[in-house]
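Take a look at these structures.
In the two complexes that follow, chain A is the common piece, with chain B as its partner first and chain C second.
The block that comes next holds the complex of A and B.
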């Protein structure tokens, strides 16, 4: 259970709630007993029962399994009915996800459906866009987005699509640069782009610097900045490192934050400069929770 | 706030008395996990006899699926790795692994979920993620059958879950998530391949999960949550870096999330408690060395006295 405030109920309130819930408990038990029977003599009925169960309890993973088995039996009987049912499954999961965006089983069922339907994935990206607009950090949504792209292009995503995704992350980051999920997605896209299409290192550094200067206490942009400097993807010249050192020193002189101090230590280490003990001491003072790490 | 051990035991005792609540039924997909969490809670609070042994074993066996060898979340539901591991943990905690109907069949259930790319899926319908890889590996450990599966590509798969930022995603290429520290680091530790990951970078990302309140969050710029006192801290403990965070501040955060009236621990102070956050809050406190709790093993989330036996069965030296 997450994000549920504690409220104290009187015994009377509890009794009232139990009375209210009796009907639903009976409904659940009845549906559960029917669903786990796996009686496939009437496929329409199985679909109806599992719909009722999953609307009531979308975590009922066995109901999802029974439903898929029924749909596969439809396929044996009538190809057109089967395809129509798969299209209906997209609507069904799309109706459940906005209220339950973190339930693995629903996403799982949607993947199963999307694989079987094949074809264009525009509707899938549309759904993800909708859910990421509601919660830009929903990692299920981001994971699904990457999965859909791999499926659509059979693991071989063309550069033009990767560039579109890169633009999408810019859009999301511009809305809120604290959105680390978007920064992560950006890293994944850059890694896929061939060298000649990759944005220049200077442009990326400039872009992330804006975020860092706007709020030097935000972890998201700093993580991206650190990654750029580590040279995982770009070769970072001594000249660039020195430029960055000057820039972060300027930032640090105006606004002394632990993240800026960490970046300075990283830059000095990358430049093979001596360990700045004064900076380490300041860092420990600013961020005492991590003092043992900084002392190493 | 001090540790309210007696209250937590009372909280555990009333858990199966809530069958009049709709919530009890809507969470039947967590029944088997919930029992493991409750039993582990009683072990951590050093009252392992609180839950009736025969009753809990009967329930576990009622969830056994004869055709596959796996276990389900509740009687009549389908088998899945998530519940198979909890069932095995319960049997092992109760020193009753010999009640397992067919050990080889259960080993096969796990084996058949091994994917060509090295991952494991949770059941025949599920996709692969690091939770299921961990489930499979600890299940095989309890079944003393780790050497029956070639884990070479699984080790590579787990290694690829580590990101450039040091954290671990649910799958290779996915955003780092605190919960995956326990699964990836724990699984690699059991397999003896911890050297495949960048430990310092991992410990840096993990210790950065501590927020000003003292609590740990699961991802950058998210709210702290008691359950990461297990998922994240266990990773740090396996890497021998628990002192990279402020232990006292984390202890205080967990203790403040206790419900002083009915017992149990919530995700955050003043929120509603549940058994999930109760057991992982207590396990976190145990890792922090809080007095009054049995020592917990960060690799398998079982009391260290029990895991010592487990490693001996497997002729493993993990410490």
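The block that comes next holds the complex of A and C.
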């Protein structure tokens, strides 16, 4: 989760914790020794062992691998048991995700299971919705969402669905526009929409300007703003560029941020205006880490 | 008395200790000795009782009334009638001027029995000393809380939802880009709070409206919203040093437990909390007796005489609440309070943030603002009965035949509506604040809602007129909205379209003027009650001197009037002050180590878990249909 303060512990607390965890450490070592043996003579036992291991440590990718090997061996033995096991895998990963929403291996295992099971993806979208409600900035969730949609529609997502996704990003951006993943998802949806269904450039610019003006230090909004101007998807007329230049100049005069300065440089270059050396110098002063990039 | 009972609480799995007079019979005799005697079970006194009892002091806590709460009482309709008779018949010469209207006299239907009447309704900001104390003392476990996120401002004949957080500012289409920027700048300033101590003190001489206008270039509409709705201040001329922390408490409270800045306890507010602290005190060994008052006090021997004839030897201190009847001294008359307030010039920089003469030339003040560093805040008045510390609060309660769902956020059951100064036909000088409770709040049955209005105008009659006018505005507004409701429907995020230039949708639910509106159906009042009570002002009471009840006495002290605010600000500070007068310092105030730590049971590792069901435990409602959550605060 974002915005959760890390708690600092004293040495004494750490020592206490180590003592408390002694039991867990022994358990882990015992389980680990068993899991890495890769002894598939009793598949039920392997599943039980890896379940215990992964509940304890969901980042243990070897345990996930062993578990998948066991499930594939199950497929060779009995098709029905195999399918039931896959269904159980969905439950298993769903039970781990709320506590560990950012562990790649859980998401990876869920993908693997979902592909093998095939069929309705509504359940998957529901799960992602719930996780994104809890933390709207979890990029694992957003990436999985796009993956589910591609799988569901076999890489050919209908425009109506894309529009729904676009609205979904609006909803999340409205809640908190400082959300890289949501802006990125918006870009991905726009790219998939046919021209006639795409929102007007002016509407998009106006939308993102609200964020840029409200918090000129928020990089996520600036990224979307500069992407729009780049002309990757929209043809940006000279008038629009000039209008934007005026707006950002006004913003920059009130609040000098490196993001605004960079946008100004970009706008001037798109308008084929002369390079503003004063602006470049100011930018280098504000953002010395990237000075070589600005000097070019 | 509230509908809350230990049986109900046990059902939801927590352990609530029983309390004499609520779920246990009142004791016959009181002990003949105690360390501290407290007369009055108001919230501050109840916190004091619990703090002392847990610290090891032997406490006897009594109340002249047959219910807990003193001026924070929460009454059933039956108890209410008794209360009205006492106050309106003048047997308590408090000048409260209670007026009571019932729609059908004599018809006490079974539904009416199910109403609760909260004498001093409160809402709690999530970031507040009261909630911290409730959690620390574990009293929160005895209570049910719900979130409240909707604050409305009444302006030019319509209600506007307050734009108090980033999301609301971002999606509000009636604000210009520039205004949004200024607002965000101000909000950041308040949240980061890098203001220097002496600069802040100097702000006690600057009206908040002027400060926001000059320093942040905010416009009138935003200033009103920030000061009157978000800050819940009485008027725009309160000092900046008073208003800024109040605006800050709202902003800090957002997104702590959810998107709501405030919460309220179900089945009544401060009365429920008072009862909770009394339960806690009882667990720690305090003795309780209701329906008995302090009738005599012997200064030499420290022996108190109670109305049931018993005598109690007090070892350390005795407290008498100023709102408890006792033959030892007359009850304070509201009319005296009010007159003084109008005639006296309030000292500058006092606890209430009042800047005294409000007609000061704004420019003169602003000149002094330029020399902030030179200014010093004037000293606080130390006498709690001086007009700097106390005033009157006029209240009106109405139960109406409409659930008022239009004013609540989906899934919630309460909202705040404020009427800024000058927004009423009476050209009100002071804001009128309203808490609206729907059926989900546990104080009215389905089909009804309860409106609690209050104002702090020191002129009782003007206050009453303001309240009446605000009530009629609320009435016509809810009638208009319930009529239009099905025509407009509710708008969702999908309806927000960003078109170049003018806004497409302005205020989402409540935008149109009420003028020329003729209601098609009438609103019925089940009852309406108006009364005025003496209250404290300010938030910090650490500098006040507690006054003796009898001249020259230093053992029997008077406690303080409950603050008249609708937030709980100031109450913990009062309780600490009282505690300090017994113990000497407030360092170990509720420094309690509770021993019982419940272990959570480990899950069976192979037990199948339904994925979506298990998700629901951790995710609060779906984004489309947020479920109304009752919060049980855990440590």
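Just so we're on the same page, the second predicted complex is superposed on the first by the 245 of 296 C-alpha atoms of A that agree within 3 Å, B and C clash if a C-alpha of one lies under 4 Å from a C-alpha of the other, contacts with A are read in each partner's own complex, and residues count from 1 in each chain.
The rule is short, and it goes like this: a contact is a pair of C-beta atoms (placed from the backbone, for glycine too) under 8 Å apart; a residue touches a chain by one contact, two chains touch by 3 or more.
The model shown is predicted, which means the values in this text are computed figures rather than measured ones.
In the superposition on chain A, A:39 makes contact with neither chain B nor chain C.
In the superposition on chain A, no contact is made by A:246 with either chain B or chain C.
In the superposed pair of complexes, A:285 makes contact with neither chain B nor chain C. Of the two partner chains, chain C is the only one touched by A:98; chain B is not. Touch criterion not met for A:84: it reaches neither chain B nor chain C.
For chain A, the partner that touches more of its residues is B, with chain B and chain C as the two candidates. Shared-chain residue A:123: touches chain C; no touch with chain B. Applying the stated contact rule after C-alpha superposition, one finds that A:184 touches chain B and leaves chain C untouched. In the superposed model, A:25 lies in contact with chain B only, and not with chain C.
Within the complex formed with chain A, the residues of chain B that make contact are 20-22, 25-30, 72-73, 76-78, 80, 123, 125-127, 163-165, 170-171, 173-177, 203-204, 207-208, 210, 214, 219-222, 225, 241, 243-246, 249, 259, 261, 266-267, 270-274, 276-277.
Of all the residues in chain C, the ones that touch chain A in their complex are 166-167, 169-171, 177-178, 180-181, 184, 493-494, 496-500, 605-606, 608-612, 614-623. Those residues of chain A whose C-beta lies close enough to touch chain C in the complex are 48, 51-52, 55, 88, 90-95, 97-99, 123, 126-127, 129-131, 133-134, 167, 170-171, 174-177, 202-203, 206-207, 209-211, 213-215, 251, 254-255. Chain A meets chain B in the complex at residues 1-8, 17-18, 21-22, 24-25, 28-29, 32, 36, 56-57, 59-62, 64-65, 68, 108, 111-112, 137, 139, 142-143, 146, 178, 180-181, 184-185, 187-188, 218-220, 223, 226-227, 230, 232, 288-290, 292-293.
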